[in-house]
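Paired with subunit B in one complex and with subunit C in the other, subunit A is shared by the two complexes that follow.
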Partner chain A sequence: MSLAIHPATSEYLSLIRRKRLYGGILVALFAVLLASGFRVADDRNAGGFFEGFHRILDFPTEIFSEAATNWRNLPGLFVQFIPSLIETLNIAAVSTLFGALLASLLAFLSTRGLALWPRMIPVFRTSMDIMRAVPEIVIALVLIFLLGGGPVPAMIAIAFHTTGALGKLFSEAAENADIKPVEGLTSVGGNWMQRVWLGVFPQVAPNWSSYALLRFEINIRASAILGFVGSGGIGYDLKTALQWGQGKYDQVVAIFTLLLITISIVDHFSDRARARLVKGGNSA
Partner chain B sequence: MSMAAADMNSLRSDLVRSFLRRKRFSLAVPGLILLYLTYIFFAFDVPGLVSRARPENAAILLGDFWSYKTHVTRDNRTGDVQAAIEGERKGEYPDGTMPDWVTTGEETAIALPHGAEVRYLADGSAALSIPEFGDLHVGLDGRQIVATLPDGTNVPDWMSLSRNRISINQNDWRFSMTPAKTETFRYQMGWELFFFTLDSQFHGRSAGELIALAFWEPRLEPDRSNISAMARDVWTNKMWRHGDVAWAMGETVLMAFLGTMGAGLIALPLAFFAASNFAPARWLRLSLRRVFDLLRGVDGLIWTVILSRAFGPGPLTGSLAILMTDTGTFGKTFSEALENIDDKQVEGIQSTGASAVQRMRFGVIPQVAPVILSQLLYYLESNTRSATVIGALVGGGIGLLLTQAIITQKDWEEVCYYMILTVITVMIMDNLSGWIRRRIIKG
Partner chain C sequence: MKLQVINVSKIYGDRAAVDDVSFTLEGDGFVGVIGRSGAGKSTLLRMLNRLTDASRGEIRYEGTDILSLRGAERRAWQNRCAMVFQQFNLVPRMDVASNVLHGLLGQRSTLTTLFNLWSEADITRALEILDRLGIAEQAAKRAEALSGGQQQRVAIARALMQDPRIILADEPIASLDPMNAQIVMETLKRIQTEDGRMVIANLHTLDTARRYCDRVIGMRDGRVVFDGTPEQLTAGVARDIYGADATFSEAATSTSIDALNPDTDYAVAMLGD
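== the complex of A and B ==
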């Protein structure tokens, strides 16, 4: 009798067993979902996974071997594509700038305790959610129809999405800001602009700049992709070179290299700047 | 005393200088931005853009987003009259049927908004009555158009008239006649045929009638219940292709799901080898880190290009492209999470004599699981959006349908439909992943 398991223990053990069972079912369900999802994707793809798998390296080999035979062209091609690279970077920079400006406005309007019209907070929040959800490519293609080609449609499209994405992050940061400076400014009769500009902005500026920099990194990639689908920049050059096919693979390699180098450089510097911004913000 | 005064003075001048510096800084930043924007203004050729812009397209686009037109066409050789929505074959009214504002018989009378009317007369000519303008007769003399305008009027600016074509543009209807055919377009609001096409037995019935049919009225088709016939007719709707659209949307979500989860499954074990407190060898850790950097650094665009060559277009290629980039991202974040774990928990479990596997299972995994899961969910949500763009590149999912519809430059109502669907899906994923994340973090 003294060896009998204490009722609490047996209850605990059965609880554990049930938990494991649920966990097991969940994992099994997940595995089934993943496997069947893979099957569906494989079926609906033009080429199958297993036929294509050994060919992954074919295309890189092809382009790099062509580029290797024409390696003398590469420096000239780098110079040739610099203007479109700059255009891609400009699209990303301007859209980040405009997006961040609009986002800060929306963020102040949709932060509790700061909003100019507190009743409108849900409206601004929802509009930011929608702006975030609309894919850039849709806006870009519609604007190409309205404005013709060029970098401006891509810029507006990315800025629109950036506004929504940054607006959410900005307002979360503003919500965590200390409200005391704002109260102090209110007590001396500061108006809304002064309260926001002098009371909150200095608190959130480091965090906001860090988010904006991260967004800039993302927007460079987006701008390259949008170029590929329609508008200007280096993405468009890549598309033309790829459509040409053999004979222009040295251009493809040059564009790949330029993109890779640019993205690594920007990522590196923005990483460092962000680390400094956030650290500086905490110690101050 | 003088020392303190000197200190005060130097402090004062320091402060003044620091304020001046701040002042200059706060003026310089907007100045630089302005300068940059001026450069962009010319680099992006904004003045040229204004001249190239086609504002009239905006009107077409906005009108088309939420309206449709019905063509009533007479073939002037045979005399046959046919009505079709958007003038498409799949929107044709079956023989003998017409919209209720068209009456057929000896002559065809088309009632138009604001009291206007067009009649296709039996002799092949057409009579139009337009309020505030008068009655108009358009006939054919051999191969030539002859228009008789109301007395005392000239050709107005909404009408264009030539030897072999007349066209009249009003806001909500249009009329045109050529030797080959006479055509009237009527514009109406809404998405026509959204649920049932004209060949469906359920077309044109009210919501009440449909509910009655679905639940208690007798079957219209003996071998099928009404509700399943309705579902079939909606699913196979030829105008809106709901079935294909649902598949495409599913493909997009599937791309995001497979890409994110696949990347997570690959990155998790690798992360152990890349975390400084678990890595068996320094060279392995450093080289894995470089591999992660490379996967992340190579843009999604480049991955799609390379993978499309191997696997062809489709959702699998898209999910593999997402998988590639995200393996790099997850490898980095997971290994950082592993480096930040608390060793005490692992030591506590070790002290009970646990094996290495048990230490992992009970000491490490519970600490990193919330971080990993919330990362996975966050990326699942953001990848749903990226999958739209990637779908356009690799030719799969809703992205493909969107780009196809936009390129035709006339199916704007479909563009609108896909856009709304995409936004709703992304928002659902957003809320779902936010909800699960909050639950996980709370425990």
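== the complex of A and C ==
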């Protein structure tokens, strides 16, 4: 063992000291910004954070106490809202399906190393950025104006946003896929469709489906919200129940309970589906 | 130092990966565990480190049954019994010195280690160990930027940082080219003789076992079928360990035994003589 201190030791020590200094400065800066930012935000508030904080539970308490007095209505309300819940679920499912299909195509076209036309990658990327940037509710409002209220505008709006969101996630998953199988398929003379479908898709399928299932959960919520602007489904019922207040809070509780149960069920089944896909993925 | 393995088994489903294995190791020394893939060598080493739980049996170190340790006591044992892996198992995106300092995780507080706040004494010691293994210049580089042989030496440095009595090495050279394999084996031998530690290494090849080991344990289908000195490891014994027939050739094992067994007939058929 050499007893003299190796030059690399002092070099490394000074490097570590520098790193710690920078890290400390950054943490201090962050703390200052956070504190001052909080003051600015609180000043711009109509009320005040600390004055209003203790009242944060008032509204939920009102809802729950009213629902508790009318608890006998709840089972009937569950049954009453199930058709509109199904409509909401249908909007979410169809838009997730179409969004995911379009997203997979765009993902392959915009992934470095896999793209059919590498020069076009920025075009596809930007188009997905635009799809993500426009909120669902804006598209839905425009389409409702053009096509009239109903589930179709909501479906198109959600599918549009889903394409952009999933396309980016899909493309990132595809970027991390192993390129060796693709090289193998290129070496036997496979064309682009064959290489992508047989070489990359089996690798990314578990990841993609798990993203798509997560998106399905998000879309259930999105399609419920779009009911507020007139696309039907359970969101419309929720808006009515919340809007006229007095005496309808039992409906609000029923709707939220239904949504919670639905999302739990979707989560449970998508978990199992994902586990199965990951296990059986190597035979695909 | 005394390490007793007493009737240890590991059952996966209805198959025993390690089947009623017993042996005793005393003092320091270089112990090689040989056998073909799937013979239970890795499982045995992983049970010694408590990475894998045993199904039955006892492993006694200085009288304590390490298989019954839980929680902090188990982690304390893992800190005294270092492990080196075939695929190095470093954190690829952290620098080399930090990877070596990870050897102290069991001895320092969680909060300081999470923020990578090591004392200068610890850092100096880590660099000394790296210098001893000839890779001090790489200290600030990311682990993933190093060659396989260098990464394995970083892994050995991490093990040395733990200052363990026992170093377990699971196929330490199976992913390395012959030159780097030799450097890594020489390093392991050096830290065993110079520091008086015990090294237990799973080895793939007979010639490596003969060259570096003081004692060789041969495993087949989860059982110990040979336990003796390298001199006692004759071609006949090797045939028994690897379950090979008379076509078994010693030279072929110095690269890989796996390819040999199913392929000899095929090769003869293809060559037509």
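Everything below uses one rule, namely that the second predicted complex is superposed on the first by the 211 of 284 C-alpha atoms of A that agree within 3 Å, B and C clash if a C-alpha of one lies under 4 Å from a C-alpha of the other, contacts with A are read in each partner's own complex, and residues count from 1 in each chain.
One rule holds in what follows: a contact is a pair of C-beta atoms (placed from the backbone, for glycine too) under 8 Å apart; a residue touches a chain by one contact, two chains touch by 3 or more.
All of these numbers come straight from a predicted model, not from anything done at the bench.
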item: Partner chain(s) touched by A:56 [first = subunit B, second = subunit C, both, neither]; value: first
item: First (subunit B), second (subunit C), both or neither touched by A:44; value: first
item: First, second, both or neither for A:11, with subunit B first and subunit C second; value: second
item: Subunit B versus subunit C as contact partner of A:188, first or second or both or neither; value: neither
item: More subunit A residues in contact [subunit B versus subunit C]; value: B
item: Residues of subunit C that touch subunit A when the two form their complex; value: 97, 117-118, 120, 123-124, 127-128, 130-132, 136-137, 139-140
item: Of all residues in subunit A, those that touch subunit C in their complex; value: 1-2, 5-6, 8-9, 11-13, 15-16, 20
item: Subunit A residues touching subunit B - in the complex, by the definition given at the top; value: 30, 33-34, 37-38, 40-42, 44-49, 52-53, 55-56, 58-60, 87, 90, 93-94, 97, 129-130, 132-138, 141-142, 145-148, 150-152, 155, 221-222, 224-225, 228-229, 235, 238, 242, 256, 259-260, 263-264, 267
item: Residues of subunit B defined as touching subunit A within the complex; value: 33, 36-37, 40, 43-46, 49, 52-55, 57-58, 61, 251, 254-255, 257-258, 261-262, 293, 297-302, 305-307, 309-317, 319, 385, 388-389, 392-393, 395-396, 399, 402-403, 406-407, 409, 415, 419, 422-423, 426-427, 430
